[in-house]
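In the two assemblies presented below, chain A is common to both, partnered first by chain B and then by chain C.
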Partner chain A sequence: MEFLLVQALSGLASAASLFLVASGLSIIFGVMRIVNFAHGAFYMLGAYVAFTLTDRFAGPLGFWGGVLVASLVVAAVGALMEMVLLRRIYHAPELFQLLATFGVTLMVEDLVVLIWGSEDLMGPRAPGFTGAVSVFGRLVPSYDFLLIALGPLVLGLLWLLFHRTRWGVLVRAATQDREMVASLGVNQKWLFTSVFALGVFLAAFGGALQIPRTTVSHAMDLSIIVEVFVVVVIGGLGSVTGAFVAAILVSELNAFGILILPQISMITVFLVMAVVLVVRPYGLFGKPEGAPRAAAGISIRPWRPMTNLERSGVAAVVVVVALMPLFAGDYTLSVGSEILVYVLFAASLHFLMTVGGLSSFGHAAYFGLGAYGAALLVKYFGAPMEAALVIGPVLGLVGAVLFGWFCVRLSGVYFAMLTLAFAQITWSVAFQWVEVTGGDNGILGIWPSSWASTPQGFFWLALAIVVVCVAALRMLVFSPFGFGLRAARDSALRSEAIGINGKSTQWIAFIVAGTFAGIAGALFAFLKGSVFPETLGIPTSVDGLVMVLLGGIETVSGAVVGAVVYKALAIWLMSKTELSKLVLGGVIVLLVVAFPKGIVGFLEDLRHRRPKAPGGAGSEGAVDVAKVEAAR
Partner chain B sequence: MSALLQVNGLVKSYAGVHAVRGVSFSLNGGEILALIGPNGAGKSTCFNMLNGQIRPNAGSIKLAGEEIVGLPPRTVWRRGVGRTFQITATFSSMTVRENVQVALLSFHKRLRSALGYAGAAFLDEANKLLALVGMEAQAGRPCGELAYGDLKRLELAIALANAPRLLLMDEPTAGMAPKERVELMRLTAAIAREKGIGVLFTEHDMDVVFEHADTVMVLNRGELVARGTPQEVRRDPHVQAIYLGEGLLYDARHREESAQ
Partner chain C sequence: MKKTMGIALAAVLLASTAAKAQQGEIKVGEINSYSALPAFTDPYRKGMELALKEINDAGGINGKKLVIISKDDAGKPAEALTAANELISKDGVVMIAGGFLSNVGLALSDFAKQKKVMYLAAEPLTDAIVWSKGNPYTFRLRTSNYMQAAMLAEEAAKLPAKRWATIAPNYEYGQSFVAVFKDLLKKKRPDVEFVAEQWPPLNKIDAGPVLQAIDAAKPDAILNATFAGDLVKLVREGNTRGVFKDRAVVSYLTGEPEYLDPLKGETPEGWIVTGYPWYSIDTPEHKAFLDAYQQLNKDYPRLGSIVGYSTVKSIAAALKATDDHSTEGLLKAMKNLKVSTPFGDIVYRAADHQSTLGAYVGKTALKDGKGVMVDVVFKKGPDYLPSEEEAAKMRPAE
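Let's turn to the complex of A and B:
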């Protein structure tokens, strides 16, 4: 009994920092509609800066002053980022802001190592709170009690700020209707900057407060950001009270989950999130999102199938790529195979995101399931490569059938978060079910059949599979099913009113995307000869998102270009520089600012800027259809 | 002959507010029926119940004798009910023709097919529908570029794609220029009479209502307060009382008198 109480207290203490960071994220989202991926990075920066300051200046004033100054410094950095970067891309599709902040996260990770080194750092104890208090004969750090008290205090202060100050009232008004607030003559620019700074301050403060409890490390950002996403989604995006309640819920689940169900401790939190989202799609305290911004955003040019000329061009490129093994070296070919695998992975995600309008943050789950499916077949059934490549992806399909059924009930950010939750559940299973999956050690010895075991052979195999699959996906886009899917994306109201069952159409699209990702995953297993839990981790999902957005979310096949550019760049940078994350993050940020429509979208814009041939737009369309019919 | 649409005792309340209380009416094929009433009278709620978007608390909606209450919009559509929206809802990433083609593909139950180019499907039928509403010249244009009046016409073409027996039009001419309004309603009336389609529409523009409707129903505070020919309704003192503040009926009568 006493033990449980102590455990509960420890959970409450953890909840304080989680709440601080989550409330910051929630406030930023509520007003700016930005999911700030860099929030974890600011949390980490807060901890590092506080470490340096408290290290330099001893004593109570030094410690508390250091924590506060560190949070303010990081908040200033955040404000700067908002002014320099985010202001430029407010009009881009929502996901671009996520991509940009992800780029910043990558940069911060390397910068932190550059400045503070890669060793974990031990911060000082909080003066006056170094001891422990005896609770029923068990010792609880007195600092924990401070944190437990701090949570409600900050909640109260935030309430006062939002309800008793002019600024707070404006912010709440902006949360409900940004256009109206702007038309009342409020300077939105500075309102946004100040809100962003407040959100970042809370994140940095949460990080700074952690230094007496845990070591400061350069992996703090990713571990917290996932938990914070979960908290914010359970509590309801934009709700500070929701963040408070959910932070306690999640922390207690963590504290007790590890006692009761150590085997699936990591899963419990995500299971709770999944249940909350299915029962209350907008979180415990959230309100339904307003009408989402026009599906993908900027300017949608109706898609057309390729002309014969374009088809010949693509065929020529495929032929050139197919000739590569005749002159390229082994290393180039294995890099090429990896890029091909990611092309298929990105294309499958692109189908779901662009055609289906469903932005998955957990697409790696189906990639990983395909990889594990193939690996388990080889390991337990001695299946040959050919069989494993066919049956392995079925695991991705099964996962997509199961998870997709829940996910398509939601939309927008909540859909993204539920896909993330399912991906994390899958990852936890792969990581914790050691008897079957080998846990962290993965499954080794997944080698291709002899005919495909040379880099040349495997490259050809990968190329053949990827070309067929990408072509199939593209055909699907222009098929009646693809049209129905786009209809459901463009207008749920209209599609329902012309007899389209949007949810079931989206579910099928989810399954299709999951299956193709599974095929890519199975190929990946044989390329690497092994499978590890990272295959279905968050970084893999994010890689997919980056590739799709980089290629151009409004294009039919931008993902192919995005995957080639991103993966080639990442592999090349990794071999050239120690600071690959810094450079890659910088490149992502630059690309987002310079090419908000992605690479292919940018090229299409260039092409359409040229003067049009005489003849109305209508006749042009008719000619195109005629051409397509002639081509059949 | 039994009515095409028979509505009985339709009720809807939201958290204690009675939006629609016991609305009953009927509509025959080829008849053009206008539902008017001041803002907040419950017109849109009525409309959304008829096509299944909102589930009524009580009441019955029979289409050609078959109960359709409680069916989702997509099923109601399959039974032969087309509709247009007050704020146009079209597929903005597609061309004008593709918008109609999707509706046709859905009508012919082809949307589950993964084979073939959908942009080449039902080309003739799509072109015919577009020609019917006078949009054939714009068939290849991106739908997102259209002027508002053209979007309204496109909506009509989409709504006609399932060869409906009943057409629901929620403020079909809102936001259009006066000349366009007359054209669109003439067109609708001609199509409805030719194909025997029953049309129910709501409208704020009384000129449109009195010129094009065969029958006018007046809804006030969730209840039908009058029903009759445009002439009868216009002279109804009860209706005049409802509209007095808005002056719309007064204007209409005034115009009529000065014309005589």
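Let's turn to the complex of A and C:
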């Protein structure tokens, strides 16, 4: 009994650490609706700056002053980022801020190594909190008690700030209706900058408070960012109290879970989130959102199938690409095959995000399931490549049927986070089921049949499959099913009124996207000759998102361009420099600022700015559709 | 819009205009997690550079200059394969080497088998790479999981402790290390029982609850296989909670400067560890290495430096042993190849392709506010490996 109490106390201390970081994200996420991927980077920066300060100035004043000053310094950096970067893209489609903050995160990971060196750094213990307190004969660190007290204290202060100050009232008003607050003469620019700075301050504070417990290293951000998001979503968007409760729930379940199943830590938060979201679609304390904003919300040009001229253009490009094996080297071709695989992966995600209006944060699950499906067939049934390529993706399809059924019941960020939870659960199965999947050592020896084993052969195989699949996805967009899907995306009420079953249409779209991702995954397995759990991991999902956003979320086939640009750049940089993250992050940030509608979105803008030839593409009917789309 | 795709592909094409092989050069490819794990790979690279300089200053490989082309794998098997592909098909290297993570090592080893290229695994610790998933194209330098588990189990068996608890990161490295240790310790001490186990995820240990759970089982001794940031959390939390008090602790890799040095004044005393006490190795071959390293780098070596240095020395020895630098020729040269390293002479066993590199075992102690290893013993590799006949049986039929 005493033991359980002490275990609960340890869980509370973990919860407090988690909440301090999550509270900042909850504010930014809840008020500004920005998926701030850089929150982990600010957490890490807080720890690094605090390390430098506390290392230099000893004593209680040095330590606590250092922690506070570090948080303020990093908050200033955050405010600067909001002003020079995020302000430029508030009017970009939703999720575009994710791309910008992702670029910043990549840069920070390399920058901290350049500034602070590659070694793990250990900061001092907190003066006055170095010892332990005896609870029922067991020692509990006094620093744990400090953290346990800080959690509710921060929660209370935030509540006072938002409910008892004019600033807080304005922030809450701006959350509900930005334009109204602006028309009342409030400078909402500064309001949002201050909210962002507050959120970053809390992230850095949470990071700085970790230095008496762990070492500071360049991988700190990744170890926390996803879990913090999960905590915020479990609690319900915009509810700091919810984040507090969620942090306690997750940490306590973990503290007691490891007593029964020591491996559970890997997946606790995601299991909790999956259960909570299935039972309560808006998190524990969240309220149903108003009219859900569509992911592709501001497009004013109607989509149309390609003209014959454009079709021949694309066909010409495909022919040129198909001729590449005649003159290109082996390495170029295998890189080309990898890019083609990602083109299909990104195109499948793009179909779900743009046409379906459903942003998935866990699309890697279906890519990875396809890869594992093919690999398991080869390993256990000795299937030839041809059979594995056909049957392997079925595993992706099955996964999409199962998970999709739950996911399409939600919308917006909750949908995205539930897909993430399912992806992580799938990942943990692949990781932990060592007997079948080989665990993190993966499945080896998945090589193509002899006719496709040369780089040339495989390139042609990949090209054929990818061209057919991307064309099929495009045809689906302009099929009656595609129109129905877009109707469900744009107006749930109107589409239902004309007899479209929104949920089942979206479910089918989810399955289609999952299956095509599975095909890409099966190809990937044979390209690499092996499969590892990382194909199912969060970085793969994020890569997919980045490709779609980079290409342009409001375009029909932007993902193709996004995938080619991103993957080619990433591979080239990896080969040329060890600071590839710094350069890649910088390029992403520049692209975000230069092309807030994505690369293809930008090109289309350019094209449509030119005066139209009479009787050309801009016919009467199209204009009508444009009006309708603009009005929604 | 697919035009952009064509342009991008063409750009890749231009970038890949093959660097022309110069006369009098031998090129070797090397891949490691430079951006993902700089704490290991920085000293590793410095070790490689030192060995490369020594070899080329002494006339290279029979008069030809040895060139090593390094690539980053970002800690991901898929990226490592892309890099390996580039090294082989574009840069025209005669063999590949490197690797830190076990799954990267296994991916490269399978790639080597498929493309019929030789791969010398530098750091990957997994036993699978030479045994259950071994192949004719892959050799491994580093003292393996099995060997270090055997060394530590030998020391553990001397302890009076009967009740053991284990803490290891939840992935193959931790799982296989704990399994081998348990097995070997029980063979030596049938009276030992394992009463608790904890498997925190790598880099995400929730140290308080984990230690509390271990403490509740009241073990006499604890086996730890966590390292880096997880280790620091564990040590700090455990010291404060008194979990390590009056308990023996056997801890894997903790004596390596990479992991011991960050602990500074909080280094626990008396843990039995494997590691690299560079400050107290008196052999002439290590002294020569240490002097040369410190002259070149103004820094002390880490274990990564030894691995990088010995990898390049092994490559050079293989290239010198034969004029036939085809894969077949190199594979033949690697078998029973003798190489001098700072840890003494090693041999790459013909039967299982594992080198006989040994390791240092000792106890942790505090000296001038820093963690050090004391009572250091060098354990010779061959004493902790199964015989070549037994090892050959563990490999898949060729």
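Following the convention adopted for this analysis, the second predicted complex is superposed on the first by the 607 of 632 C-alpha atoms of A that agree within 3 Å, B and C clash if a C-alpha of one lies under 4 Å from a C-alpha of the other, contacts with A are read in each partner's own complex, and residues count from 1 in each chain.
Following the convention adopted for this analysis, a residue touches a chain if its C-beta (ideal position, glycine included) is under 8 Å from a C-beta of that chain, and two chains touch if they have at least 3 such contacts.
Computed from a predicted model, the values in this text were never measured in an experiment.
Chemist: A:Ala487 contacts which: chain B (first), chain C (second), both, neither?
Modeler: After superposing on A, A:Ala487 lies in contact with chain B but is clear of chain C.
Chemist: Contact-wise, after the overlay, does A:Ile498 reach chain B, chain C, both or neither (first, second, both, neither)?
Modeler: Only chain B is touched by A:Ile498; chain C is not.
Chemist: On the A-aligned overlay, A:Ser479 touches which partner chain: chain B = first, chain C = second, or both, or neither?
Modeler: So A:Ser479 only meets chain B here.
Chemist: Identify which of chain B and chain C touches the larger number of residues of chain A.
Modeler: The partner with more contacted residues on chain A is C.
Chemist: Quick one: classify A:Pro305 as touching chain B (first), chain C (second), both or neither.
Modeler: Once the two structures are laid over each other on A, A:Pro305 reaches chain B alone.
Chemist: What is the contact status of A:Gly598 with respect to chain B (first) and chain C (second): first, second, both, or neither?
Modeler: neither
Chemist: Look at A:Phe3 in the shared chain and tell me whether it touches chain B only, chain C only, both, or neither; answer first, second, both or neither.
Modeler: second
Chemist: Find the residues of chain A that appear in the contact set with chain B and again in the contact set with chain C.
Modeler: Common to the two interfaces on chain A: nothing.
Chemist: Taking the complex as given, what residues does chain C use to touch chain A?
Modeler: Touch residues, chain C against chain A: 1-6, 8-9, 11-13, 15-16, 18, 34-36, 38-39, 41-42, 71-72, 74, 76-79, 81-83, 85-86, 89-90, 102-103, 106-107, 109-111, 113-114, 126, 128, 133, 170-172, 175, 197-201, 203-204, 206-210, 212-213, 215-216, 228-229, 232-233, 236-237, 240-242, 258, 261-264, 266.
Chemist: Can you name the residues of chain B that touch chain A in the complex?
Modeler: 51, 53, 72-75, 77-78, 83, 85, 89-95, 97-98, 101-103, 105-107, 110-121, 123, 136-144, 158, 161-162
Chemist: Considering the complex alone, what residue numbers of chain A touch chain B?
Modeler: 294-296, 299-305, 475-476, 478-484, 486-487, 489-491, 493-501, 505, 616-622, 624-625, 628-629, 632
Chemist: So in the complex, which bits of chain A are touching chain C?
Modeler: 3, 6-7, 10-11, 13-14, 110, 113, 118-122, 125, 130-132, 138-141, 143-144, 212-215, 217-220, 222-223, 251, 254-255, 258-259, 262-263, 265-266, 313-314, 317-318, 320-321, 324, 328-332, 334-336, 338-339, 343, 431-432, 434, 439-442, 444-445, 447, 455, 524, 528-530, 532, 534-535, 539, 555, 557-558, 560-561, 564-565, 568, 571-572, 574-575, 578-581, 599-600, 603
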